[in-house]
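Two complexes follow with chain A in common, the first pairing it with chain B and the second with chain C.
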Partner chain A sequence: MAYTFDFSSLWDYAPVLVHGVATTVGLTVAGTVLGVGIGIAGAAARSSGNRPLRIAVGAYVELIRNTPFLVQLFFIFFGLPSLGIRMPEWAAAILAMVINLGAYSTEIIRAGIDATPKGQVEAGASLGMTGPQIFRYIILGPAMGKIWPALSSQIVIVMLGSSVCSQIATEELSFAANFIQSRNFRPFEAYFLATALYLALAVGVRWLLARMGHRMFMKGAARA
Partner chain B sequence: MPLVKLSNIRKSFGPVEVLKGVDMTVDEGQVVAMIGRSGSGKSTLLRSINGLERIDDGVIEVDGECVDPSQIDLRALRLKVGMVFQQFNLFPHLSAGENVMLALKVVKKMGKPETRAAAEQALAKVGLGHKFDAYPSQLSGGQQQRVAIARSLAMAPKVLLCDEITSALDPELVNEVLSVVRKLAEEGMTLILVTHEMRFAREVCDQLVFMHGGRIIEQGAPAELFDRPSTPELAQFVGMVEAR
Partner chain C sequence: MRFATILGAVGFATAVLTGGLSTAAHADALERITKEKVLRVAVPQDFPPFGSVGTDMKPVGYDIDTATLLAKEMGAKVELVPVTSANRVPYLTTGKVDLIISSLGKNAEREKVIDFSAAYAPFYNGVFGPDSVKAETVADLDGKTVGVTRGSVEDIELSKVISDKVNVRRYEDNNGTISAFLSGQVELVATGNVVAAAILERKPPRLPNLKFLVKNSPCFIGLGKDEGPLLEKVNAILAKAKTDGSLAAIAEKWLHAPLPKDL
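Let's turn to the complex of A and B:
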C-alpha cells in the first residue's frame, strides 16, 4: 500500500470543520427541541378522545415512518417551491428533521403514555383535575421517564441522519468533509475525521441526555 | 335532606347489567359499608358516585350537585366527593407532600403558602407529617394509603369513598389505615366504604348495605344484619366470611 497518510493538511480547514460541527449541533438541538415538542403534542392527540385528530396524527406518523428521510428533505427543499413555499437550506433541514423526529417521538412517547397505570388517571380525575391537567401533571413526567432511553436513541439517529442534509448544501459536518476532500484530495483523512467527530458527538449527546433524563424524570424512582 | 342520594342507578358493561336500578341515600356524617361478593356491583356503584363509571340511567345527587348520564363535566361533583383506591394510586414522581398539594394548586388554585400548610395539616392528620418529602417508593403500603387518604381529605370533600382500601395491604399494615378511617368517622366525616373487613364494618359503620346481583337486597344497622340476616343470600355471605 503506497498511500501516505497526511492528517496535517486538515489543519487548514479547521474553521470549515468547526462550522460543520456547529451546524450539525445546531440542527440537532433545534430538531430535538421542536421535534420532541411535536412528539408530545402528537402523543397527547393520539391518546385523546378526538377520533379525527387521532386519525390525522396516525396518518402523519405512518407517512413519515414509511418514507426515506432524503426524499422528505428533497420534497421540502425542491418540491415545495413549486407551491411558492421557499426557504433557505438550513431551514429546510431543520423542518425535515423536526417533522421526522416528531413522527418517531410521537410513537415512542405514546408507548410511555400507554404504560401509565389507569388508576393514576382515575386518582387525578377523582381530585377534580381536567384531562389536560392530568396529562401535564400526572401522565407526562413518568411517561417521558419510561421512554427516555428510546427517545435518546432516536435523537442520536436523527443527529447522524442530519448528514443527509449535506445533499441540499446545508453546511453541516458531512458537507464540510465533502468540501475538504474535494479541495485537498484526501478523502480518507477527511472522512476519517468526520467519522471520529460524529462518534464523539453521538457519545456526548447520549451522555448529556442520560444526565438530563436522570435529573428530570428519575425523581421518586425506586432507590436501591 | 340526605347528603348523597342515588336514584335508580343502572349500569351495564356490554351485555352484562351490573347495576339493576339501585336506590340509596346517605346522610351527612353517616358511615356506610357496602358488602357483598365480588361481582355483586358494589365497587361499580361506589365508582359511579364520583363519575369514574358513567351510569346508563338514574340520577346521582351529592350535596345538591345533581348528575345524570347526559352530564359531561363531572368536576363539580368530584370536588364534593373524595376517593381512596385499593391500589393507593399515588403519583410516583411526586413526594408525599407534592401528591397532596397537586390538586390544591391546579384545581383549587390555592396560593403556595396555603397549599403547603393544607398539605402539612392533611399529612399530620394521617400521622405522616414527618414524611412530607418522602417519595411513594420510600413508603410502606400502609403509609402510601394514608398519604392517599390525606390527598383526598386536603380537598375538603363532603363525602369520602373508600374502595377496598385495605385489600392490597399486608395484614400487619391494615390496622394503621383502618384506625385513620375510624378517626375520620369519629370526627363526623361522611364515609362510604366497600370493604371486606367485617369486624371493622360492624364496629365503625352506622349502616350496612348488602349487594347481590346488582341490587341492594338488605340494608340496616350492622349488628342487625350480621346477627339476623333476613335473606338467604346474606346469611350465606355472613357464614362464608365468618368461616374464614
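Let's turn to the complex of A and C:
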C-alpha cells in the first residue's frame, strides 16, 4: 500500500487555505471573546440571588450543553429564516459558537466562583465594598485563575468545533480542505495539511492562553 | 417501402461486414418482439423520478412510462427488468433485454458497444430559482448568491464560467444546498433538473424554476448494435410521442417541467 504524496497539487490552492485559516482564527477570536463574556455574565447570574434569572440561565446552559453543535448551527442558519431572521453564514457561525461557548463557560466559571471561600466575600463586605466590586475584585479574578486551564481547553474545543461550520458553507479551514479535495481529488494531502494546520493552531492558541493566564492570574492567585 | 428495403439492405450489409453470423443472429429483435408480443426493457429501480419501486412493489417512473408507451405502440406487452446503472449495458449486450430505458446518457465508450435512439428525456444541470429573481444568462448571476453542492458536476461547470462577482455558497451535500435554497439563504441554486423536480414535487414556498442550462446531457434509449429496424421503429414512436404530447405528459408527471423544445 505505497502512497505517493503529491503536495505540489495543493500549491495552486494556497489562497483558499490562507483564507480558510484566517476565517477559522477570526471565528475563534470572535467566538471566544463574546462567548467568555456571556460565560462571565451567565456565571454571575447563576450565583446571584435572583431565582428566575438563575433558572433562565440554567435552562440555557442545559439546552446548549445537551444538544449537538451541528444541530444548533442548522437551527440558526436553516431554521431561523422561517421566522424571518436571516443572516450570512459567517454571522450564523459566530452566533452558534458564542452561544455554545457561552453555555460551557458559564458552567466552568460558575465552578470557579463556587470555589471562592465565603469568608473572602464577607471580608470584602466588611471593608465596605459594593456587590459588583466584590464580584469584580474578590470573586472573579481568583475564580478565573482557578478555571483558566479548563476554559482554555474549552476554547480549543470550540475552535476545532468550528470545522462543523463548513456545513453551512462558512469558508473556514475544513471548508478549504473539502473544497480542495473536491477539485484536485487528493483528499489525503488536503486533509493531511488541514490536520497539521489545526494542530498548529491549537498548540498556538493553548500557548497564547497559557501566557495570558500567567500574566493575568498568576500573581493574583499566589496572593489568594 | 423502397426506403425501408434499402435501409434493410444497408443494415444487412453492415451486419455481415462488422459482425458476421453472431451479430446477424440477434439483429432481428423487432421481429421477435412483434412475434412474441413482449418488449423486454431494462429499467432503473433506484433512481427516482426515472425509476423507483412504488408502494405496491412495482417499478414506477419516467422510464417505466416511456417503456410502456413504446410497448403499446409496438403492440407488445412490456416486461420490466430492474437493473442497476452498472449492469444495464451488459443486460443489453448479452441479449437479456431488447432496450435500455434507464436514464442512460450517451458517451463514446458506450457508443462502441451499443446504439442509441433519439433523446427521450431531459437531463441537465442548470440554475434554478423563484420567478422573483431575474437570471437568464451566466452574466446575470453577478452580485447574486448561488448555492451549489461542492464538487458536483454543476459546481465544476459553473465555476468555469462565472465571474468572481458571483457569491457562490458551496454546501457539503444536496440536502445542505436544498435547505439553503428553501430557507432563502441563497437566491438561486445550481443543481440537476431531477433534484429540482423532487423539490417542486413538495410544493415549497420558494419554487426552483429553471433559469438557464449549465450542462445538458439528455437520456437516450439504448439498443443492441445493428438493430436497424428496431432503432427505426423506436425513433418513429419517439418522434410521434414528442409531437402528440404523450412524452410531454410523462415529463410533466415525473419532472414537473415541460419537455425542452430542443430535445
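Brief remarks on what is shown
Keep this in mind: the second predicted complex is superposed on the first by the 217 of 224 C-alpha atoms of A that agree within 3 Å, B and C clash if a C-alpha of one lies under 4 Å from a C-alpha of the other, contacts with A are read in each partner's own complex, and residues count from 1 in each chain.
Quick note on the criterion: a contact is a pair of C-beta atoms (placed from the backbone, for glycine too) under 8 Å apart; a residue touches a chain by one contact, two chains touch by 3 or more.
Please read these numbers as outputs of a predicted model, since none were measured by experiment.
By the document's definition of touching, neither partner reaches A:203: not chain B, not chain C. Residue contacts after overlaying the shared chain place A:71 against neither chain B nor chain C.
In the superposed pair of complexes, A:182 makes contact with chain C only, with no contact to chain B.
By the touch criterion stated above, A:63 is placed in contact with neither chain B nor chain C. Look at A:168: by the touch rule set out above, it reaches chain C but stays clear of chain B.
When the two structures are aligned on the shared chain, A:126 is found in touch with chain B, with no touch to chain C.
Legend: residue contacts after superposition of the two complexes on their common chain; A:115 is shown touching neither chain B nor chain C. Legend: residue contacts after superposition of the two complexes on their common chain; A:217 is shown touching chain B, with no touch to chain C.
In the superposed model, B is the one of chain B and chain C that contacts more residues of chain A.
The residues of chain A shared by its contacts with chain B and with chain C come to none at all. In the complex of the two chains, the chain C residues touching chain A come out as 147, 150-151, 155-156, 169-172, 176, 179-180, 183-185. Contact residues on chain A toward chain B in their complex (touch as defined above): 117, 119-120, 122-130, 133, 137-138, 141-142, 145, 217, 219-223. Within the complex, the chain A residues that touch chain C are 74, 77-79, 81-82, 86, 89, 166-169, 175, 178-179, 182-183.
Residues of chain B touching chain A in their complex: 50-52, 74-75, 78-79, 81-83, 85, 87, 89-95, 102-103, 106-107, 135-138, 148, 151-152, 155.
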